[in-house]
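Note that the chains take the letters A, B, C and D in the order they are written out, and that residue 1 is the start of every chain.
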Amino acid sequence: MIFLQLGILLCVLIAGTTVVFTRGLASQPVVVSVFGLMLALMFVVFQAPDVALSQIVVGAVGLPLIVLLALAKLRRDAQLLHRQQDEDETK
Amino acid sequence: MAPLPVVIPLMVAAVLAGVGSRLPRRVLDLAALLTSAGVIVISMVLANASAHRVIVYWFGNWQPTAHSHFPIGICFMIDPIGAGLAAFTSLLVFAAFTFSWSYFESAKALYHILMLVFLAAMCGLCLSGDLFNMFVWFELMTAAGVALCGYKSEEGQSMQGALNFAVLNTVGAFLSLSGVALVYAFTGSLNMVEVGVTLAQHRLGSGFLCVAFLFVISGFLVKAAVFPFHFWLADAHAVAPTPVCVIFSGVMVELGVYAAARIYWIVFSQASMPSATAIRDLFFIVGSSTAVIGALYCFGQRHFKRLLAFSTISHVGVMTLGFAILDPSGLAGATLYLIGHGLVKAALFIGAGILLHRCGSVDEFDLRGKCRTLAPIGAMIVLGAIGLAGLPPFATSFGEKTIEAAASRAHREWIAAVLVFAEILTGAAVLRFAARVFVGWGASRELSLHGAPHIHTDQETTGRHSQVPIFMWGTMLVLLIAACAVPIPSSVRSGIGREIQRFETPAIYEDAVLYARSTEPQYPEPRTESLDFSLENGGVLVGMVLLAGLALAAGSEEFRAEGRVARKLLAIQMFFRRLQSGRVGDYVAWFTIGIAVYGAILVLLR
Amino acid sequence: MQEQIIFYAGFAVAAWLFVIGLYGIISSRHLVHLCLSLTVVQAATYVLLAVIGYRPGLPAPIFVGFPATSPAVDPVIQALMLTDVVVEATVIALLLSITVRVHRRTSSADPNEVDLMRG
Amino acid sequence: MSHAWRVTVFLAGAAGIAVLFALVCRTLPGPLPVRNRYAEAINSRVYAQRNVTDAVSAVNFDYRGFDTIGEEFILFVSVLGSISLLRITSERTEGLLADAAEPSRDVPASDAISLWVLVMIAPKVLFGIYIVTHGQLTPGGGFQGGVILASAALILYVGESFAVFRKVVSWRLVELAEAAGAGGFLLIGMIAWFWGKPFLTNVLPLGKTHELTSGGTMPLISLATGLEVMAGFVLLLFAFLQETLTVRGEE
């Protein structure tokens, strides 16, 4: 019985550490999503269904989505900047 | 009545968010002004009504039942200190709105909405009697503050300051939340009074208490920008628009000290009586290091807003010292100091805003001698310097004298030296700025190679820059007059002294919150210090003028040729400059070590 | 006993997540990564709150299918967590929009490349 | 500071904090008898006192409803702050972005995808509404349901295009919804004043347990929160998807 709780705590620990040590931009939303999922599972195990539900919708879906959008925006801005620099050079 | 200081600004903000984009600019301004004026009035009424008994307001009508006395709801715990601070907050917000009357020609009501929510959050923090509720208002303050910081997000502005603000405060908030959670885990309550009573009853280990106390207040210490958590403040000020700076420096930072004092007295003071000396020593160290280092940084700046931001840090150190004495007169001095400093600092920031409006810069060297036509503004800035230096007739001088008297009664005479040091340096910095900018004295280039940051600040106003609107200089003048006039009636001073005695008596709050009865012991009439111009004031004045003169002369070529001492000094300055790196990673590292060191101090001295 | 073990384990995991999240922030080379490290720091508070509210063997505080007066795990702390979760996401969103801004200004999202403000 | 220095300082601090933690653990008091008070007080009274079954929602929307107001406004402010940060005020960049805006999204979606979107959205909206309205009975409530509803709008974007998204979801309307959600909560709190009770008192009839209308003001607050959260998240998506919105003005 108690092993379930300890196990999920361990999973959260590993997932959290992975988030910190994942430096690649492309894989970050995925890792965060997994981390959010682990936290949601932890809430389920610790008898907090309300929190688990909001963690699923926010932590495992909403937050990674916003991260994805922000990354896409950063990329597009970089492209724009390059294009602008090219134009400036041709002038 | 009691929840209105929070509910009204929030409601107006929500309405403006709905219809604000359709309303003309002046209607928005008027709505914001009226709202903040209303909050001033309501808070004053509350402060008045609570003068003889603490008002406790239970949200949702969840007052403790007569047989269990256990609070299950959230309460506002209103006393004249909290309500007075709420009134003071809304006064500064009102001043900021007046100043921005001819300001920010931008569409949408975002600025007004954010400011009003910010106001509501600060009032909530002042009045709340629940630990988690305080945390909520703290977070709301951070969110609104960050959003306001980035409000003027033009292309030319960097957002680094807002980022540092957000990250540091959020990390601090999480540590605070952990502290609240720890306390809850053992007391089973979130109500401040109930937690305090339980902690006192159950003789918990002093190690646990020390660490829990440190964690709970860590977020507020970050907000209060004490050393070494102060780095974000200067960065945020360089980015934030002027009216927002008025609020940040004038009251937001000080609320951090207020919250720490409130939490200490209500929650921990009875339980941790054995380690009160440790807490006193901790805050002596925190306060004096903040006061000294803030003053040193302040003197090394050329960007006026940044200079003022560092002087705020230094003065927060002074207030922390007042609180650290842990006796009523020390905290009463800190409160007087808070009022005087807030008004003077608000006036000085408005002065910075006027310079930005007229000259398009707040850089000391860029502006050298260019503002001779603005002599009245210069005179007001000099007055502000005198106020910062704690000289009569400003309220800061009362605060300073009260703190010093309390310190000497507690046999900590060295506190007076720290105060004088902070006052001379911060006053001289502003004086030097005024002399160079408005008179044209001193060098036109900076002495050191790796000098203070030269930041380009965008003009915030549009339209005619040829004149200074009355809303700008008028607000500045009124604030300065208020900073002199507020403490003149001795009833104000003795009133604050009496109220602080109550503030430091948890039993009164216990009766009011848990048992809905008011027991008011007779307080001894507090001592009030005189307004006389003392020898020490003279020393500060002479020191300040000399130091400013020296700094102006120091830029000249002859002095530089002398330079060995100067070079030594510059090397020291360089070292400090490197610490203020603008990198959020560095700041978080300082935060970590700061928590560890302060925790070690508490634990070892307990 | 079980409760003690879970509490200490949760306490340790929370401390670890807090410190490792801070490490992520100080060693970060990209602002998006920094924001995500901040979520790890916040997760530390979740873990702490979750183990504090937990009572082994007791059901969730949803009184459907069992008597309403029987004991359950702590609903107060769950309410605190619940609001915390939503707030986290929006605060991170605020930070990410600052990131976009910083990047547009400096064409870099490295928190160590500061374009102004030293000293 | 150089990176190595920073890490050294941090490690020293972290080691110090670890020692503090260890010390706390050593001096930790055993479980105090009082620590269950709050939980028991709520759990034992919620069913009888408020006719609801979800104690967490009861705490959120009734016993500690004032906290929830603060939290809701944190969301409100963060969303507005993000919009204000992401808006563009310089004309040059605006032009550049307008040139580059959405080059790949002009292709209309195929009928199959449109059908899929409809099929996906309907249950999602239903599910979201269910969660919002059953907050006081089963796990869920305004916060969770609001996010689910917002994600329904997202499907529209993924399946169709931003143009369709913009057409169906009006910026102005969402803004109004956000304000209504935030203000609505306050208004519900003010109802109590007409009965002379303190702010946020649950004065409405409590209804029968297990019914949607049980809990007095709770379902209303849940609705207001749901509206606010949904609108807030849709606005966030808007802001991140296209930032020229506020500059170009309304439709």
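One rule holds in what follows: a contact is a pair of C-beta atoms (placed from the backbone, for glycine too) under 8 Å apart; a residue touches a chain by one contact, two chains touch by 3 or more.
For clarity, every value in this text was computed on a predicted model and none was experimentally measured.
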Centre-most chain [mean C-alpha coordinates]: B
Centre-to-centre distance between subunit D and subunit C (centres being mean Cα positions), rounded to whole Å: 16
Centre-to-centre distance between subunit C and subunit A (centres being mean Cα positions), rounded to whole Å: 12
Approximate Å spacing (C-alpha centroids) for the pair subunit A, subunit B: 36
Rounded Å distance between subunit A and subunit D, as computed from the means of their C-alpha atoms: 18
Sites on subunit D at which at least two other chains make contact: 6-7, 10, 14, 17, 21, 36, 38-39, 42, 54, 56, 63-64, 67, 71, 74, 78, 81, 85, 93, 139, 143, 147, 236, 240
Multi-partner residues of subunit B (each touching 2 or more other chains): 132, 136, 139, 143, 146-147, 150, 153, 155, 159, 182, 184-185, 190, 578, 581, 583, 585-586, 588-589, 591-592
Two or more partner chains touched - positions in subunit A: 48-51, 54, 58, 62, 66, 70, 73
Touching chain combinations (by label order): A-C, A-D, B-C, B-D, C-D
Subunit C partner contacts - residues on subunit D that touch it in the complex: 3, 6-7, 10, 14, 17-18, 21, 25, 31, 36, 38-40, 42-44, 46-48, 53-56, 58-60, 63-64, 67-68, 71, 74-75, 78-79, 81-82, 85-86, 93, 137-139, 143, 147, 229, 232, 236, 239-240
Complex interface listing, subunit C residues touching subunit B: 7, 14, 18, 22, 25-28, 31, 34, 38, 41-42, 44-45, 48-49, 52, 76-77, 80, 83-84, 87, 90-91, 94-95, 98-99, 101-102, 104-106, 111-112, 114-119
Partner subunit C, residues of subunit B touching it in the complex: 132, 136, 139, 142-143, 146-147, 150, 153, 155, 157-163, 166-167, 170-171, 174-175, 177-178, 181-182, 184-185, 190, 234-235, 238, 300, 450-453, 455, 576-578, 580-586, 588-589, 591-592
Residues on subunit C engaged by subunit D in the complex (per definition of touch): 3-4, 8, 11, 15, 19, 22-23, 26-27, 53, 55, 60-64, 68-69, 71-80, 82-83, 85-87, 90-91, 93-94, 96-98, 100-101, 104, 112
Interfacial residue positions of subunit C with respect to subunit A in the complex: 2, 5-6, 9-10, 13, 16-17, 20-21, 23-24, 29-30, 32-33, 35-37, 39-40, 43, 46-47, 50-51, 53-54, 56-62, 72-73, 78, 81-82, 85-86, 88-89, 92-93, 96-97, 99-100, 103-104, 107, 109
